[in-house]
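These notes open a run of structures that come right after.
You will see two complexes here that share chain A, one where it goes with chain B and one where it goes with chain C.
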Partner chain A sequence: MMTTQRSPIDPGPVDVIVVGAGYAGLTCARALVDAGRSVVVLEARDRVGGRVFTETLPSGVPVDQGGQWVGPGQEHFASLIDETGCTTFPTWVAGEALELRDGLLHRYEGLVPTSDKDGSADTVATLLELDLLAQEVSPVEPWSHPDADRLDRQTFAQWIDATVETPIARALVTTACQAVFGAEPEELSMLFVLSYAHSGGSMSSLIRTSGGAQERRIHQGAQAPALALAGMLGRRVVLSSPVVDIDHGRSGATVSVAGAHPRQFHAGRVVVAAPPSVTGRIGFSPALPGDRMQLIQRTPMGSVTKIHAVYERPFWREMGLNGQLVADRGALRSVFDDSPDDAGVGILVGFVAGSEDRRMEGLGVEGRRSHLLGELASAFGPDAAHPLEFVEQRWSSEAFSGGGPVAGMGPGVLTAVGPALRRPVGVVHWAGTETAEAWSGYIDGAISSGIRAADEVLAALVAPAGTGGS
Partner chain B sequence: MATDAEIFEAYGDWKSRGNANPRLVRMLRGWDRSVHLVASDTGSEFTLEVRACVLGDLVSGRQGPADLIVTASSEDFADLFWGDLNPSVKYQNGEIVLAGSSEDVMRLDALSMVAFLDQ
Partner chain C sequence: MMTTQRSPIDPGPVDVIVVGAGYAGLTCARALVDAGRSVVVLEARDRVGGRVFTETLPSGVPVDQGGQWVGPGQEHFASLIDETGCTTFPTWVAGEALELRDGLLHRYEGLVPTSDKDGSADTVATLLELDLLAQEVSPVEPWSHPDADRLDRQTFAQWIDATVETPIARALVTTACQAVFGAEPEELSMLFVLSYAHSGGSMSSLIRTSGGAQERRIHQGAQAPALALAGMLGRRVVLSSPVVDIDHGRSGATVSVAGAHPRQFHAGRVVVAAPPSVTGRIGFSPALPGDRMQLIQRTPMGSVTKIHAVYERPFWREMGLNGQLVADRGALRSVFDDSPDDAGVGILVGFVAGSEDRRMEGLGVEGRRSHLLGELASAFGPDAAHPLEFVEQRWSSEAFSGGGPVAGMGPGVLTAVGPALRRPVGVVHWAGTETAEAWSGYIDGAISSGIRAADEVLAALVAPAGTGGS
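Take a look at the complex of A and B:
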């Protein structure tokens, strides 16, 4: 299935080495190749796609174990989907959503559960307040906000406690935070939350299906465009090659990989396209500047597990349900209908996020399976307890992601060391969705960050193609 | 279809409930706007003004320049003001169309939702 070569190759020195073959790295490499530069992409895993991974289950059903949606305003991803011949279809929304609150099920339509009028009105008011605040915070330079220090000293939880009036709205906003960031409100700086929301338009657009970040899915799976990009890059993509050291100087860099074929690559410039904390696995020589080192250690990945339960058919649709669930407690707080477009089978996708995800670690695979199926059954009925297939993808135990869906920042990080996120260190440049100026945390942001890093490198390589060693 | 009189009556009810709702009043902070309503089926047009956190009276016709234009069927307007329809579902289906800046659209969406929930 993989179109890239896996045999050891020694291409000799190149203009640019890209570390990481997720959407950021692949897009960056493609832009550099298009500009006539020689490139090698070094990928630690035995596949491309990074946090986007479409896995075909034993029954032959493909499921997206990582990033999967595309929504309005995500033009970079949309055009790549088009360009690679992939097609999209709307996430299933017909029918009512379920709210599980205080152990009781309620049906609702629209963005916000409506079972408790006061709690719902408070939730709407809270989202509006968040959206209005977010409009004022630059997603590119959040630290430039006149009130940045105060906003960055506050956690999202402190803001919720001070602003949100009802326990119901507090629980809903917390559930939204877990789903969006894989983190608890007390782990995130308010400035970070606002900047992140603005980078995707608003908090409301991040949590919407129709009209928001979860609007459409890709028939071929969300990894397909990445596989197509890797196909275009061919032998330039080297899999199963974790980068362990980067020796960098004024004239270029030497990048050492471990794995089955340990060796060194040489280039004029390096683009590291990985989450900040994952770049901390690499030994840089000379050491990185202090602000970058601090950033790496203070930008942890979220915790998220994605589960898929496959059924003979999407039976919940027959009950007038659209497969969406929002819950105020339990491990599984958000669920969507993830059935294929032809509904040949029914699939529910669920998220276990934040502290719930960490709590589930000790249960083991079987323990989690029976626990989560029990939760699905309490929402969707006894049929939900008996899927044809059940898979979990625990991003926290993925060696080269360390968690998901995105890295988050606690208080005081953005204002102190935020600028180190994108600032190149000599010949080393940074890409990855965490560095994106729009749709940070999303596939679209990964793509635009790759293009931005390629532009930086091309501007730095002012000399004619071929310098930098080749 | 709803008559203009029915829309005026429903709006009057919505306005007094809205102005008595402290949460809604807070959401109007710093948001002085002229809103035009256009009934797509009857062709009737209305203007309402929001000034200093107070929803003003509804008047006939499009008065002055609009910050925000709402287009819907006359019946949807009446139902919306009576609190009989969930506006976010109508926006989602494109049956109610809001034209304005993203902030204004965001505000009105939330305001109408809170007014709906205030039943």
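Take a look at the complex of A and C:
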């Protein structure tokens, strides 16, 4: 399936250079090729997929180290999964979930932990309130909300402090914030949080498994459709080619690549399909407009580490548990059953997010492993401490992602420089899930952003199609 | 005085490579050379000085497009000014200042506008309160404050909303925030603001002219001492050499430079003397630790445009005005008399900062000129609309600064990743005014940060001095 080459013959000038071979870049390139345009995709890493990466462990078990789920309403991703011959299965949910609160374990069913009636009711009420507020904020132009300035001046933490009554609900909403954004509530603008939630339907749909963003998984791994796209694009995808400079003008752009084979590519248009902060690594001549430069600096990636612990079997299912854990403290605040569809082995996937992730920096790989296995054991019992395999994926140390799962905006950013997010700069266009008009932050949003950028470029290219070198 | 060369002969391996020839990098390099070490300074721009840049206008008048003042307590900068044979003179303050409030002009004397007694008293009380709070927060390790988490969760805007009673004082404190940080109060953590203020003594000292950070100017221009340092360093300073990659290990580092003459330099240690967000443009192998990567993404530069309007004479002095303006709305919120010491011409310098600066993006050079001259005229009279010369310096569009005047931290950043600010990563050390332990954000802080980094490197270098190639 993977037919990309590391060093194709220099293709000469093309119609469009796409920077980044994540879902956004690959989708964009495919749409441009389908429209008869010549395209080169330049990818910094030695693989495609961006923040989506399926790794096969030494034992042969594939695990998704990055984005992995598909849910209702994600039609772009669902179509691509179908088209590329991939198949899905439901995330395991049968059984009770675990709540770890004040050091005590509780079992519960449904979306929200129930060990404390008031806390549970308050959490549900908070989610409802967030969902109602989010419906009023456009995910496309949140700065157009009549109350945008006030909402953007407020942090999510401020809203929580002012609105959420019980400590339990505050802790749960904070945990949800960390899991969704990889960031703490005080780091995020309320306007941004509402816009992001609306982009994926509602906050509730973002945190749901069944009926929400974590509903289904892909048998072949979430990177498989990206690999299939790369296969279709063939030699147009050039790996291990970090773009360091983009010289752009009215007639086109010259894109310089570093790495083992430094060289230059020329095109009429460029689509940069990477998180805003990662685009900050590229030198632009002439320099980008001030609002774009500010946006790049004010859209930091979240912090997240994803861990997988592989066991002989999903032993928690035998205990009536579904493998889900929500914790109010500790490093691992959310855990899911990530076993393969046939349950040939049992796998737990856990997330260390936000400040917890940053605190774990100093522990080192072994220190984190031992600490996190201890936390798994205190939730799922002593068997959890002895997995067959254990891997961590620290997105915060991935140079070409800068963190994960998504970028977040602090107070004041959307209203000040939000419009720079999608606005082209001359012949340079922007894609990537952070620019998506729906499901921003998700694979589905990456795909639709690639299509939107391709549409922009096709409308801008006045020369007849098919004149390029591909 | 300026003897640096663009293309020296490749110097072979050196003891230390300094990245950035602003005041931090130049001072660091000089200290290392004084200690007998071989040094190369790699500068991306075709000039030294970083955010300090004295430009001679077509008429021959020199103006400081960036940092320009020196005040009491800035002993590092004062010593360097002396040492390099430069001289200072007081910023012009004789006469009354102007306050533009609700569209009406008022004259006042002293630090704070006085047109409204309650507003004035409230502003003074607010500054006092900020000064008291700042004294409790360490400028070196603000995260060690017993209440650091709460203060870092709070934005400066939240504190203003909760503390400042009158709309007039709120507007004045907001204007001060924009002028000092190039950012809006909602973008900044209260812990950061207090730490920054303490770093320069107090918030009052940051905003004072006489007795404060704007007290004196340099006859030769604020870049002159930097040019003198560069002259001393001679061929060690390599201009037009943007660093794109730093490969680092136990035994040293290889630094790759792009630009017209791509090449590599080798050294035992590297000092990166640039704003944190600008260091994000450099690819590090191995990748930087997660907390450092987060810091880079969460320390955006402010937005500021500096304008100079040159007139035949400082006509406002004849009207009893000192050229200072504080406005509660509009683009130009603060203006100073920037005439040369001999008043051979009259010059007003104005600042467009924070959101105002971002809003002016779309106007273009001519649109901004005409808008800003209109604002000057409405304050200083119709003569102000017709300067002999008018220049703008948009730091927000300067690729190798990313904005100005300084970097700011939003809520949650200092407590989460603050310690990564100065902590070396293997053989890579960090300098720059953002890392300063005193006068962070000022030229003085840049200088002391360079000395501190040089001390770190000298302590780390175990080989006998003088073994390098310089």
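What we mean here is this: the second predicted complex is superposed on the first by the 462 of 470 C-alpha atoms of A that agree within 3 Å, B and C clash if a C-alpha of one lies under 4 Å from a C-alpha of the other, contacts with A are read in each partner's own complex, and residues count from 1 in each chain.
In this section, contacts are C-beta pairs under 8 Å (C-beta built on N, C-alpha and C of every residue); 3 or more make two chains touch, one makes a residue touch a chain.
Because the structure is predicted, anything quoted here is derived from the model rather than measured.
Student: Could you let me know whether more residues of chain A are touched by chain B or by chain C?
Tutor: Answer, by number of touched residues of chain A: C.
Student: Just checking: does A:402 make contact with chain B only, chain C only, both, or neither of them? Give me first, second, both or neither.
Tutor: The second partner, chain C, only.
Student: Touch test for A:301: chain B only (first), chain C only (second), both, or neither?
Tutor: A:301: touches chain C, not chain B.
Student: Should A:117 be classified as contacting the first partner (chain B), the second (chain C), both, or neither?
Tutor: Only chain B; A:117 stays clear of chain C.
Student: According to the stated criteria, A:94 is in contact with first (chain B), second (chain C), both, or neither; which is it?
Tutor: So A:94 meets neither chain B nor chain C here.
Student: Which partner does A:256 reach: the first (chain B), the second (chain C), both, or neither?
Tutor: second
Student: In the superposed arrangement, which partner chain does A:416 touch: chain B (first), chain C (second), both, or neither?
Tutor: After superposing on A, A:416 lies in contact with chain C but is clear of chain B.
Student: In the overlaid three-chain picture, which partner chain does A:135 touch, first (chain B) or second (chain C), both, or neither?
Tutor: Only chain B; A:135 stays clear of chain C.
Student: On chain A, what residues does chain B touch that chain C touches as well?
Tutor: Chain A residues touching both partners: none found.
Student: How about chain A: which of its residues touch chain B in the complex?
Tutor: 109-112, 114, 117-118, 120-122, 124-125, 127-129, 131-132, 135, 165, 201-202, 204, 210-211
Student: Please name which positions on chain C make contact with chain A in the complex.
Tutor: 152-155, 157-158, 183-184, 186-187, 242, 244-245, 256, 258, 262, 277, 280-281, 283-284, 287-291, 293-294, 297-298, 300-301, 303, 355, 357-358, 361, 394, 396-399, 402-403, 410-413, 415-417
Student: Can you tell me which positions in chain B touch chain A when the two form their complex?
Tutor: Spelled out, the residues of chain B in touch with chain A are 23-24, 26-27, 86, 88-89, 92, 102-103, 106-107, 110, 113-114, 117-119.
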